[in-house]
Structure formats: structure tokens, C-alpha cells
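Order as written gives the chain letters A, B, C and D; numbering starts at 1 within each chain.
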Amino acid sequence: MITAGIDVGSLATKVVLLNENQLMSHEVSGTGVDATEAVKKAMDTALEKAGISFKDIESLVSTGAGKKKVPFESAQATEIICDTKGVSHICPGVNGVIDIGAENCRVIKCDQEGNIIDFALNDKCASGTGIFLDAMAKALRVKPEEMGELSLQATQDIEVTSMCSVFAESEVVSMIHRRVPKNDILRGIHRSIASRICGQANRILLEGQLVVMGGIAQNLGLITILKELMGSELIVPDEPEILGALGAALLAGEGEGEK
Amino acid sequence: MTTKVTTPGEKSLETTAEISKAIKAYYGGVKVAKEEGKPIIWSYGLTPREIFHAMDAHVIYLEHLPLMVGAKQLSGHYIQVAEEEGFSRDVCAFHRCFLGCAVASERDPYLDQFFVDPDFIIATNLPCMSESKSFLYAADHHNVPYYFIDAPINTWGKDIPDYAIEYYAGQLKGTLDFMSEHGLGTVDWDKLKEAVSLSKKLILLWNEIDKCRQAVPTPMGTVDGLTAAYPLIQLPGTQLGVTLFERLLKELKGKVERGEGVLDDEKLRLLWFGVPPFYNMGLLNYVEKYGAVVVKSMIEYIAGGAYDPSIMDPDKPLESLAYKALVDIVNPISENMVNFIRETVKDFHIDGVIGVVKRSCGLLPGYMRPVKDAVYEDSGVPTTIFDLDGLDIREYDDATSKANLDSFIEALLASKRR
Amino acid sequence: MTTLERMIGILDAPEQVVMDWKAKGKKVIGYRCLYVPEEIIHAAAMLPYATLGTPEPITKADSYFQPCACEFVRNIFDLGLDGKFDFLDGLVLSNTCDAVRHLKNMWTTYIDSVPCYMLNNPQKMYDEPAFKFYRHELEGFKKTMEDLSGNKISDASLRESIDLYDETRRLLKELNGLRRRDVPPISGAEALMISMAAILMPKEETNALLLQLIDEVKTREIKDADGPRIMVTGSIIDNPTLIELVEDMGGVVVADDLCTSMKYFWYQTKPNEDPMDAIVRFNLERSVCACMHPSEERYDFLQEVIGEFAVDGIIYFNVKYCHPFVYESATFRKKLEEETPVLALEVDHSLSGLGQLKTRVQAFIEML
Amino acid sequence: MITAGIDIGSLTGKAVILKDNEILAWNLIPTGPDSSETAQEVTDMTLKGAGLSLDNMDYIVSTGYGRVVVPFSDKNITEITCHAKGAHWFFPGVRMILDMGGQDCKAIRCNATGKVTNFAMNDKCAAGAGRSMEIMADLLETPLEKMGELSLDIKERLAPLSSTCVVFARTEVLGHLHEGAHKNDVLAGACEALAERVKSLLKRVGIEADFVISGGIAKNIGVAKRIEEKEGLKANICFEPQIVGALSAAVFAREILEKKGKRKKR
């Protein structure tokens, strides 16, 4: 059975196509202003990569902040369910998930079978999410993808105290003024965001073997500090941003969203 | 836009509609009393209503007014007024809202229907100690006398020592004297005894009502329950309260017999722990799309709702009321609250607990974790905890709240399916 | 080393005080809040130890307390979870605010290493029934302390302890009285640190040191004393950083209203009474904290200090989510401002975001 | 007597040179990565415009966010104290100043001589400051200068943006646009939200009729007009509201000199 999972994130839209739970193809593209359009495009590309056409898909599940904007008929599921599903598929037996996306940070605690025990979502403040990092990257004039690497080359510990992403930005600017090395600032930023995430994880007593997913999981600098702070074993799978979409496609395989 | 997404809760019972009318009538009465020159009291917390009713006092309750204002979506405005007075966003939204109403130079016509300035104020530190200070501000602002009832915290469990009862009962006597001094006549002890006996009756009825709610499907959920709790909280010691509860009990019994529920096909039964969003009670109906019902909320049980009234003795009115207040589940440092929730989860076949904290509440944040752990340990029932302010609509984020509810319910359903 | 340096040095390693005491085979009782009578603990031959916070960020406690509980209490609980208070033989809390009440709940539920007691102090002052109730509670507390220490508390030993503590309070008051001068001999930050050290140390030692100290600073004058004279108030401050900040910005901190400083020693017990009654009256006739009703006493105290110490401006440092003080500062502010300018600030107990505070404090001082 | 005032804000650096009571020259440049350099740069430009050099300056006062890093200033003073003084210089009758800058907004009350008597600042969240307007402008692809004007030309009244967080407001804005809302209407929503927040700041210090708006957002008539409407007031805005801080620093410099009665040797 061919199934599709669509994860419409606030920044990135992800599509995963599975055949009998085996990956056929996936696509990540920007969500932009028009989510509907973005989904269509991502879907077309994924279909093309897989060499099939839309009518071959038997079942569809969509998730993510923009799941209601998906233009195809599909079942909907929350990110918590899809994340857990996707994670326990590729890393069975883990104790939990940390999903850091653009505007969201979710922590999920689950048991060996992948049942959700507890979870916590971030509140309305943007600090502790991808957008915060993106803004900092901009202030420091580095690419978001490079931030992590650079922060690992830091030589001293400095503290970024503002939790508000907007104020943190000016704090960072003032550090640049004081000629604090970029790498050290980056490390400070990562530390501040990691402690925020750590606090969220603490709220549900998350520990043990954890998978980090979402776009930000690719940021090695953050992962390193997070590991240090949490004292947990953190696993970052390949292409961590598509796990939500993968989970959705797996759910579709379980009979949700059949056409 | 926040305002668009809020909806009032949909009630399903006839008696609760009646109770709503009684609430309006009560506050309408306060306004009339003021016009007739009778003294008006502002009060708050678990100050015993029985003595107010026995004295025929007209009282505006701090926690009730914001609810009414909140339901009309006006709370945000008055909260802002209080903040402009210099109150931090971190203190209780109920108190901020009330203070906002108290000091506003212009009042909304809706508010004007029942909100009047006080002639004196009676405050207490039960349930939350720190917030009681807000009344000092109000007393200062309106330049009116102020009486403070100090409730010792319950470090004793169910066995309150005599000296604590004596201390609290003594202050109730002080309250009565204070009211007399300020123009409410002397206390009629027979009337007070009658009030205590009516109060006892009322709680017994509530306990029976509560039993009905254990039925599957439940005949009354929290959307109705919060209104239904009004007589319990505000009318103990009156015949009206008893009559309303008799009617409610009858209606519920009929429903249970006929097997009618809020939802006929209940898939999940939930318990709401914390203050629900009074400006958007529709959120409690929201879960119905999953076949879930919020059966009960903790709020309905403060002020004696979880209380065994057998110990009340009308011949010792003040001592009975002292005991009732001191063992209340919201009197901190006691197992009472944790045990109450623990039992409720079992007795009401609860599948999941929704714990909401508002950042401005002094009392509830400290309960969340112990309750969650106790319930999970006992029954394996999970609790989700998220931020939601029951009153400050400016802090409300519909998408986040729903995302939390969606995720929690989906997870519950998924584990049920297994 | 000067006596001043010696006293302040104690704060670098307050645990040392405890270790020295424990080395004598005696017990230590932690307490939070001045409504826990140290004298009773001391009369049972134990060391009362004020549990103060640290500016460290909170980690573990966040999984127990929601982040909207006062940071000071979360900080104490964090330290408790971390075993930082394991040297205590008991912790006594008093009924002052919702945050502390919950600390008691949490501590009892989640920390086994140190038993925790709650002392039920009334929140009503000057009230005979409250005296009576409190006396009952204190009798129970006395019993608990006797059981814990294995020592009986006689009226005579309690009297002795009270006298000892009164002496500490008297000396501290004398020392701080010197700050009334046009050029104070000690800075606000020094004064706070001296008080905190005096609070932590065994009083026998404290008193000897204080005598020397008074002598030592009598002829001292601080530098930069030409700025406006500031009084600092608000919730607990257990770290001199905030006061230093005010002084760095050009303010001269001459007085305060803090339970870690002037509120600790401003009052004396009344002589010639039954010693338990003396403690009851002492605690219910002075007001150290915004938790008490009514607030007139506190307001009068502020007024008195403003006059005596020639205060030009008042700075409120309210710990975030500290409800009693937040309400009270709003209430007082209106009245105080008629004569003395007031700046009310919210601070994180962990002292983050000092940059923004600085601008406000500097502007306030410029305004004066 | 020649004095200079340097105001290094979070977003712009300004300098004003004052000869006795007359503005000789002023300049405004974006704050670069290094505040000290910005200070140097804007001062040099201004000096050049006046045909003077640093040696000619009798006294220099710095202010603003970067006030402590101006290497050649004789004294630093907070923005709050400064703005009251400068507003007073432009409009002597003024009793209340609203300074709306990039990072924070301040409501200031002063007495007849321009001395501050009370003030309030926005809190730790950036939602109520100029930076949020820039983010909006960016998002709606509108030049900052046009924002205010456009926001007054609306078709439909949307509720003010509800997201308290600047960052999340982005999603809200995109949502509106996607539902076909007109750009101007969304801009109006953003201005409205900011004006609403500022209003409560003003109320905290107590509203006075004679008031001045200074700082960059004063140029945003969409915000300024809305604040006026809300309280039925008329705001005074000088020809260049952004330099009020720097100007007052220069005025302060003069006053300090006058008090000291002697020139400082450089």
C-alpha cells in the first residue's frame, strides 16, 4: 500500500511517500505564505521522485501547524502522535522525543512500545525555538546551518541573559560591539536556548535515550550543549526534519485517512 | 484574532439555566440594596457565606464578579485598568480584574447593572494568602473599613485541633460584630443556626448530585457544573440554594435513569484541574468532537464541595463553619486536595486529567505536580499540564490550547485503542 | 584582616559555619523566614541556619514547581533537590505566603533527606486571639525541637537565648544607626553582607565580632557619598549585587526594609515576661514582611526610616511572582510618592536581565 | 560655548552640536556592529558639517543604549533624563514625553524645568517597541517611512494584532494576508496594537495634555495619530524626533559647564 504523510510546518513543508512502510521518496520545501501551494508543490516533487502519480496514493495523513491548509482529502493527526510514530519507527525503544522546529518545541516522553506517557509544548514566547536561532544567525551574519559548527569552536563561556528573542538580538549586537568573538556569542546563544529546552524537558522529567528531531536537530552545536545539560543520550537521525511526515505516512498505513 | 475564536459554553440542563437566572437576580438585588441605602460588602475567598445570609448582607464576591465580566469578554479591559494602576501582570488575574472594576473611572453598562462601591470589606487568606493583600488596596482606594479573617493553614489533615477552631470561630464572631458595628443590626442566632442547617442540607444534596455524575454517560459535565456550583459557593445557608439543588438532583436522576448523557457515546472522561477559561467556555465543549467529556472540575468543589457535612452541628454554628473552612481542599499543606483528586479519578472513571495553570495564580501552581504524580501512581491516569489563564484573555492563545488538547486526547485515544 | 573583611568573608563559604558547629556534635536546623523563632531552636542547643538562595539558575525544581511560583522558593527547592541542604537536621518553614506553603508540600513529598516542618504563624498582628493561637503552635514547635535535639528547653535557657539574640539585634542596630550620618561609614552592600553574616553565624561569635566592628568603622567614611540617599526595600534580597548596582549608579544606600537586613534587627523583645509570651509578642507586634495584616505597621516603619535616615528615594526590588510584595508596593507607592519618589522594579531572583534594570536605576538616581 | 550630545541607540546613532543655544549641526546614522565606532563616525560627520573638530568641544555628554561606550564623552546620562530635557527644549510647556525607540518605549513625566518626576518603561518583552514595527515592515514589504501613512488608509478595520510576541505576530500577519486582507489593514492592526500598549504605559505615569513624542516611532504617524485619538490629545513632534536624545545630551553638557563655570581641558 502506498501512503503519504504531509507535515506543514510554519517554515518548512515536508512530504513523505511510503510503500508498505518503506520510504519511496521525501521532499522538504519552504512553506512560504501560501501553504496550500507549498503542499501541492512538495507533493508533486515527491511524486515525481518516486515515479508515481497522486492517484497511486491510497491513504494520506497530514500534520503540522498548517495541516488544515492541505488541499487534498486526508486525515489529520497532531504532531505529538506523528513525531512519536516516526521516531519509534526508526529508533524503537527510546524514552522520548525532542522536536525543535521553527516556532515550536515539543518534548514527548514515551514507553518502550512508543506509547505517549507525557508531553509538553512550548508557550507563546518564541525563545527556545528555531526562529530565535534564525534571528540570531541574522544578527551575527552567519548562515543558520553554520551556527552549530561555529559555536563548537568557542573558547570561552559567555551568557546571553535575555530570553526574549528580540532583546537577545540586541544583546548579541552589543556583544558584537564589544568585540566578543562570534563563536563565543554563538555558544552563549545555544546555551541559552538549550537551557530553555532543558527546562521544558524537565517539566515532564524526560531522561534516558532520546531522539532529537525537527530542523534544528541538525544544529550540532545545540545538540552538544543539550547533551551536556541534560545528561541524556541524544540521538539525531539522518534528516531529522522529516520524521513528523514519516510518522504521518505510517499512520496512514494503519488505516487512517484511506481514500 | 482571539476574540473571534471564543465561544460561550453550551449548557444542556434546565436547572442550570435557572441557576444562571438566580445569579443575575442576586446581583440585581445588590444593586437595589445599594439604592435603598443598605450597606454593601465586598468579600472574597472562603469567607463563610452562611453568616452573610444570616445577616441579610449584600455581598459582591471578588471571584464571582470577574467570572461574569470574563464571560462578557470584558475582563481584559479591566485587567488593563488595574495594570495601569501599577499592578504587575504576575499577580492573580481575578484580583487584577476586580481591582480594575473597583478603580475604573468609567464602568461598562453591563458592569453597572450590579457592581456597586462597598461600605466595608471582609477579606481572608483562604484559599490564597498572598492575594488577600489586594483588598487592602481596595479598602484604601474607597476609604472603607476592612476586616481580615486569618485562616491557619491546615497542617493537621482531618483532625483540626480545638485551638485552631477556636481561633477561626472567634474571628467569625469578630466578623459578625464588625458587620453589626457597620449598620447590619445584631446577629439573630436562630437565623444563623438555621443557615448552618440549610448549609448542611445543601452539601448533602451536592454530594448526591455528585454521585449522579459518576454515571456513564455522565448527565452533567463541567460546563453545566460550574454554573451548578454557584449555589454551593454563594448560597449556602439559604432556602433558595437548597431548592435549586433539589431540582437539579431531580433532573439529573431522571437523566441517569434514562441513560441520557452530555454525550450519549462517551469515549473519554476528563477531569479539569485548574481554572477554566471563563471567557471561552466553549473550549470545554471543544473536546466533544473526540467523544470526550469534561466530567468534573476542581473549581466546582472549593467551598465545601468535597466536604463531609455530617460533622456540622447547627447548635455550634461558628465552630461548624470554622471546621468547614479549615478542612477545605484548597486550604494548602494538606493531603486533602491530592486525596480528593485521587479519589475522584477512581470514582468517576476518569481517563485523563487536564491541568491548567495560570501564571498569575498563587495557589494552584504548587499543586500540579503532586496531583499529577499521585494520580498516575494510583490509577495510571495521565495528566497534561499547560498554561492557560482563566480570566486574562490577552494571555489566551487558542491555537496553543487546542494543540495541547488535541495532542493529549489523541494520545489517550491511541492508548485506549491498544 | 579587618573585622569587616572577616565578617563579609563568611558569606563566601557559609557552610563552614555549619561544619564548625557540627564538629562539636550539635545539630543544625534550617529555617525560612523570621517568623520561625531562632531563640527556641537555639535554646535546644541547636544552630538555627537561615536558608538563603543562590543566584544560580533553577534547573530541577522546574519539573515540580510551575515557573510562575516565586523564584526564591524554586531556588531553595532546587538546592534541596540537589542535596545542598543535606547537612541540615531539619527545615522549619513558617506560614508566610503561598509560595512557602507549597515549598512545604513539595519538600515533604519529594525530599526525604531533611524533614520539613511548617510553623503556623498567624497573619494577623496585635490580635489577642492570634497571640493565643500562636502560643499553642509555638508550644508544639518547642516540643518538636526538644524531640529533635534531645534537649529540654527550660524557661531559663530560653530566656538566655532571647537575651543573646536581643544583643545581636541591638548591636546590629547600633552599627546601622551610623548610616544616619551625612557620610555613612559603610556602604549599603557592606551593611547587607554584615547582616547576612551575622544572621548565619552562631550569635556568641557574632556579638563579639560586632562589638569590634562598631569600633572599627566609627571613623570610617565611604567614598562617593554625594549622591542621593536611597532606601532599598522589597522581597528578600540575599545577594549584594542589586545594592551594588544602585551604588555603582551613584546612589548612596543608607537604609533598607529587608528581612535579611534592617528588619532582622530593628526590634527588641519586650523585657520581663514569660519567655514564650515574649516571643509570641515579638513576632506579632513587629512586621517584617508584607505577608502580615494589616500593613500600617510596615508603612509606619518606612516613614520612620525615611525621616531618620534622610532618605531621598526608595527603590523596591520585588522578586518576580512574589505576590505579597507586589500588592503592597502598589499600595504603598501611591502614598509614599506624595513625598518621596519611588521606583518599583521586578527582579529575577537569579539576577538575569540586569542591563534593563541599570537604565531604570540610573534614570531614577538622575531624577533625584 | 560649544557642546555636543551623542545618543547611541539600539538602532541608530545620533549626534548634535550646540553653540550656546543653537543647533550647529546634527546627524543620524544606523548603529553599526561596533557602538564606539558608530559614535566616532556620527560625531566626525557632525563635526565636519559644523566645520569643527573634537578639540573645539567644551563638553560632551553621551546617552542611549550605548552611552557607556562612547570613548570621548565626559559624562553619560540615561535616555530617560535626556528626553525630558530635549523635549522641553523644543516645547517648553511640555509635561509628558513619550519616547518610542527601537528597543523600548518610555513614558516620562517632568516638571516645568524639564526635570523628570516619574517614568515607566516597557517590560522585558519586545512586543511594544520599534523593532516590532521593523519586523512588520519587512514582512509586509513596506518601507518603514510609508508604514504610518498607509496604515491610515484602510478598507476594513481588523482587530489589533493579538500576538504579544513579535515573532509569532508574523504567523498572524501571514494568516491575514492569506485570507485576503489588504496590506494596509494589517499595517493598521500592527499600529493599533502598538498604540494600545503605549497607551497603558502613559497611563501608568498619569496622562498630561501637553505632551511630546520623541524617538523614531514618532515618525510613524500611524502610531502617533492613534495614540492621540485614544486619549483625545494632541502630540507635539519636532522636526526630527530621533535627535531629541542627542540634543538634550548637548543641552545637558552646556548646563553642566555653566554650573562648573570653567572649561574642561581636552
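Here, contacts are C-beta pairs under 8 Å (C-beta built on N, C-alpha and C of every residue); 3 or more make two chains touch, one makes a residue touch a chain.
Note that the structure is a prediction, hence the values are computed from the model and not measured.
Participant: Touching both subunit B and subunit C: give me those chains, sorted by label.
Facilitator: A, D
Participant: Quick check: more C-beta contact pairs in A-D or B-D?
Facilitator: By the number of C-beta pairs in contact, the winner is A-D.
Participant: By mean C-alpha position, what chain is farthest away from subunit A?
Facilitator: Taking each chain's C-alpha mean as its centre, the farthest from subunit A is C.
Participant: What's the distance between the Cα centroids of subunit C and subunit D, rounded to whole Å?
Facilitator: That gives a centre separation of 41 Å.
Participant: Give, as an integer number of Å, the spacing between the C-alpha centres of subunit C and subunit A.
Facilitator: Between these chains, centre-to-centre, one finds 46 Å.
Participant: Quick one: which residues in subunit D touch 2 or more of the other chains?
Facilitator: Touching at least two other chains: 124, 164.
Participant: Subunit A: which residues touch two or more other chains?
Facilitator: If we look for residues of subunit A contacting two or more partner chains, we find 65, 124, 162-163, 203.
Participant: For subunit C, write out the residues touching at least two other chains, lowest number first.
Facilitator: 63, 67, 353
Participant: Which stretch or stretches of subunit D touch subunit B in the complex?
Facilitator: 158-159, 162, 164, 172, 200, 203-204
Participant: Flag every residue of subunit B that touches subunit C in the complex, lowest number first.
Facilitator: 85-88, 90-92, 125, 128-134, 136-137, 140, 146, 148, 150, 152-153, 155, 161, 163-164, 166-167, 170-171, 174, 332-333, 357-363, 365-370, 373, 385
Participant: Which positions of subunit B touch subunit D when the two form their complex?
Facilitator: 1-4, 80, 83-84, 86, 394
Participant: Looking at the complex, which residues from subunit D come into contact with subunit C?
Facilitator: So the residues of subunit D touching subunit C come out as 77-81, 104, 115-119, 121, 124.
Participant: For the complex, which residues does subunit D have touching subunit A?
Facilitator: Per the stated touch rule, the residues are 10, 31, 33-36, 65-66, 69, 102-103, 124-126, 129, 131-132, 163-168, 171, 174, 177-178.
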